[in-house]
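Look at the two complexes coming up: subunit A is in both, with subunit B in one and subunit C in the other.
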Partner chain A sequence: MEKFNRFIKKELLIASRSGYDFFMPTIYLLIIITSFNISVSYISKNIIIELVPLMIWLSCLLVCVLNLESVFKEDYEDGTLDYFFTSDNFHESFIIAKIFSHWALSVFPIVITSPIIGFLLGIDSQTTLILFLSLLIGTPAMSLLGSVVSALTLSLKRGKILLSIIVLPLYVPILIFGTSAVNNSFLNMNFYSELILLGIIFLIFLLISPVACLKSLKISLD
Partner chain B sequence: MSSLLESKNLSLMRNDRYIIRDLSIEISPKTVVNIFGNNGSGKTSFLKVLSGITEKTNGEISRNNVDVIYVGHKNGLKSNLTIHENLALDNLQDRVISSDEIDNVIRKYQMIDYRNTLVKNLSHGQQKRVCLMRTIIINSNLWLLDEPYSALDSKGIDILNSTIKEAVTNDVAVLMTNHKKIEIEELNVKNFKLEDGKIQ
Partner chain C sequence: MLLKLLENISPKNFYVFVGKVIPWTLSFAILLITYGLYLGLFVAPTDYQQGEAFRIIYVHVPSAWLSLFAYSVLFASAVIALIWRIKIFEIIAISSAKIGALFTFLALVTGAIWGKPMWGTWWVWDARLTSELILFFIYLSIILLYNSFDDYRKGAKAANILAVIGFINIPIIHFSVEWWNTLHQGPSVMKFSAPSIASEMLVPLIYTSIGFTLYFVTALLLSARNILVDRERKSQWIQSI
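Moving on, here comes the complex of A and B:
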């Protein structure tokens, strides 16, 4: 646990030195949502309010995809991964720490910002809460799944496009359950089953992804 | 004395071409081995296979209670952290290293003035010295150094040589690659020439 904490501390320290990078996902989210709102501004307000949570979910998904490339990129380029793989002390827990810190630094800000944006755009407080919860469970699952693909495409020069093409279809179940939960809440229907299913997906990826990431990183380094 | 690492008939193929071919080597504690050769002779690939970064195509590698550290062309240091932070927050350490212990190592490498300097603001040679500091702190017993003398000035070379000497007295084995033969005063360096993936 001590090593895990040291890893997180190091990642946070690096992020704190990277300047404005930390705010980029939130700024990007704001731009996407503003663009969405401008493009649907001619539709009646009732329909827009119904669309807002779904727009936010889709925007978060896009921001997640854009961030994925950076999960292991720096460690790959500066030789940290080479250094890790020579040690017998390098385990799956490091991968979990890496993914967690990446999620906390690049996705969690938008998980916090999104409900605020939703609230400002007029969605009710319960739907805002469900939006927050669904993102809180759904985005780590997306990070875990995306990290595997990120690790696989690490050594490719044009990996970013390939990464998006592979990852976006895989995110569909998470998107469906996430948006369904929010939509059901908006329509005052039962949303618990969707949240539970999101939780199950998260737990499955939490078990599979670290092992798959290690194997994928090994392939990329080879 | 039992060997730390032994490879038998080690081969690595890429695109139907042998990068290294049937390489056998035995590394015992307190030994310094230098594999030298031209660019593209397979030196780095050999070290990467031995360290476990790259998967071998054929052959056997056996390790006997060995903690390996590989210092390659890429240094594995975080450019936005200071020297002290890089060493203190090393992820693979089992133990927590005290700040004083780190400062002592930095002082030993004559870089205490740069203690709080970001690694990105150091020269290539200075970064190599930081890698050496980390090697010392980690306490591994087999060092795999890929062209450690490149980019070092005479002071850096002296520091590296004395580090290797000290390490060898502490039962560490050093396997390094270079472009030419290496002689280190008071040490018996075993030099092997690598050409077209084979030891000549």
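Moving on, here comes the complex of A and C:
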């Protein structure tokens, strides 16, 4: 546990010194949502207001997918991973700390800003809350699953598109439950079961992905 | 008996073993498929609701079954390859992924061909169709991941891990897609509630299913043998054959 805290502290320190990285996902999200709204602006206004929460969810998912490449990339390039691999520090705790700090630094900003964007675009307050909650449960699950794939494609030169190809089909359940929860809340229907299912998916990946990550990193590193 | 079979997992013995097995599986596959198709296309009665178009199920259902069966073979050999590092199973896993992708594609295409006269469209966002499509994407991503490594053993290991993750994920995907479908789209086109099939229609289906499975085994072994020979090109036992 102490090691875990130390890893996280290190990551946060690096992030705090490097400056503007923290804002990039948010700006990217804003741009995607703007383009979405431009592209659907021909449809009648009533339909668009129904689309807004779903659109925000999908945009968050896309930002998450684009972020994934950087989970282990820097550590791979500067040799930190090799160092951990040869020392006995290389454990699941390192990986969980890595994934958690990546989530906190490059996904959590989106989780905070997207309800604000939703609110500004005119969603009611309950749906905004559910949007926030479903993203809060759903995005860690995405980070956990995605970091395994990111570890698998780490040593590849043209890994970026491949990463999205691999990850997007696997994200379908999370996308379905997230959008379903938001949509149900918009239509004043029951949304608890979706949130619980998202939580279950999160727990499943929390169990699997550190082990799978370790295995994949070992393959990428040899 | 089992030990005798286990001897066949060394590359050389596998080559010989495949040579012995293939004539049998291939001939039975051809026999069963032709007999099943004959029964299905000429003997089975016309469906009173769907007319002659229903006869495509004799290709469609076996392909759909094999798309799942190939994934189980892929998963089993991926697990074996990851635990015991047996070279042959890495090769079997990747050839199973390739053939499984082909069968999934075949299932999707025959489904679309059947759907055009029945539903009026090529594609419907129905639960089963969507999960089959996602299965197809997962197959493709496994094959792409395998091929993008320079070192084939590294690629095989990465693809095996992805196969295992996909196997864990597939039930979740299936469940979620069913959930999504029942909530979003009224069952307007698939409303006929699974009519129990008549035995004259079912028997040919069983024949073609077994025949297709045998064909799958044949194709799997052939493809595995090709990959094996391609990789071991420079080894001694290949030179001696």
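The rule is simple: the second predicted complex is superposed on the first by the 222 of 222 C-alpha atoms of A that agree within 3 Å, B and C clash if a C-alpha of one lies under 4 Å from a C-alpha of the other, contacts with A are read in each partner's own complex, and residues count from 1 in each chain.
FYI, contacts are C-beta pairs under 8 Å (C-beta built on N, C-alpha and C of every residue); 3 or more make two chains touch, one makes a residue touch a chain.
It should be emphasised that the depicted structure is a prediction, and the values quoted were computed from it without experimental measurement.
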Note to self: Both complexes share subunit A, so when I overlay them there, do subunit B and subunit C fit or clash?
What the structure shows: fit
Margin query: Just checking: does A:85 make contact with subunit B only, subunit C only, both, or neither of them? Give me first, second, both or neither.
Written below: first
Note to self: For A:201, using the defined touch cut-off, is the partner it touches subunit B, subunit C, both, or neither? Pick first, second, both or neither.
What the structure shows: second
Check: When the shared chain A is used to line up the two structures, what angle, as a multiple of 10 degrees, is there at the CA centre of subunit A toward subunit B and subunit C?
Finding: 90
Check: Is A:153 in contact with subunit B, with subunit C, with both, or with neither (first, second, both, neither)?
Finding: second
Next item on the list: Give one of first, second, both or neither to describe whether A:45 is in contact with subunit B, with subunit C, with both, or with none.
Entry: neither
Margin query: Per the contact definition in the header, classify A:222: touching subunit B only (first), subunit C only (second), both, or neither.
Written below: both
Check: subunit B and subunit C, closest CA-CA distance after overlay, in Å?
Finding: 7
Check: Hey, what residues of subunit A end up touching subunit B and subunit C alike?
Finding: 222
Check: For the complex, which residues does subunit B have touching subunit A?
Finding: 48, 51-55, 67-70, 72-81, 85, 89-94, 96, 118, 144
Notebook entry, point to check: Which residues of subunit A touch subunit C in the complex?
Noted result: 145, 148-149, 152-153, 155-156, 158-159, 162, 165-166, 168-170, 172-173, 176-177, 180, 184, 197, 201, 204, 208, 212, 215-216, 219-220, 222
Note to self: Under the stated contact criterion, what part of subunit A meets subunit B in this complex?
What the structure shows: 2-3, 6-7, 9-10, 13-14, 17-18, 77-80, 82-90, 94, 218, 221-222
Next item on the list: Over in the complex, which subunit C residues touch subunit A? Could you list them?
Entry: 82, 134, 137-138, 140-141, 144-145, 148-149, 154, 157-158, 161-162, 164-166, 168-169, 172-173, 175-177, 179-180, 183
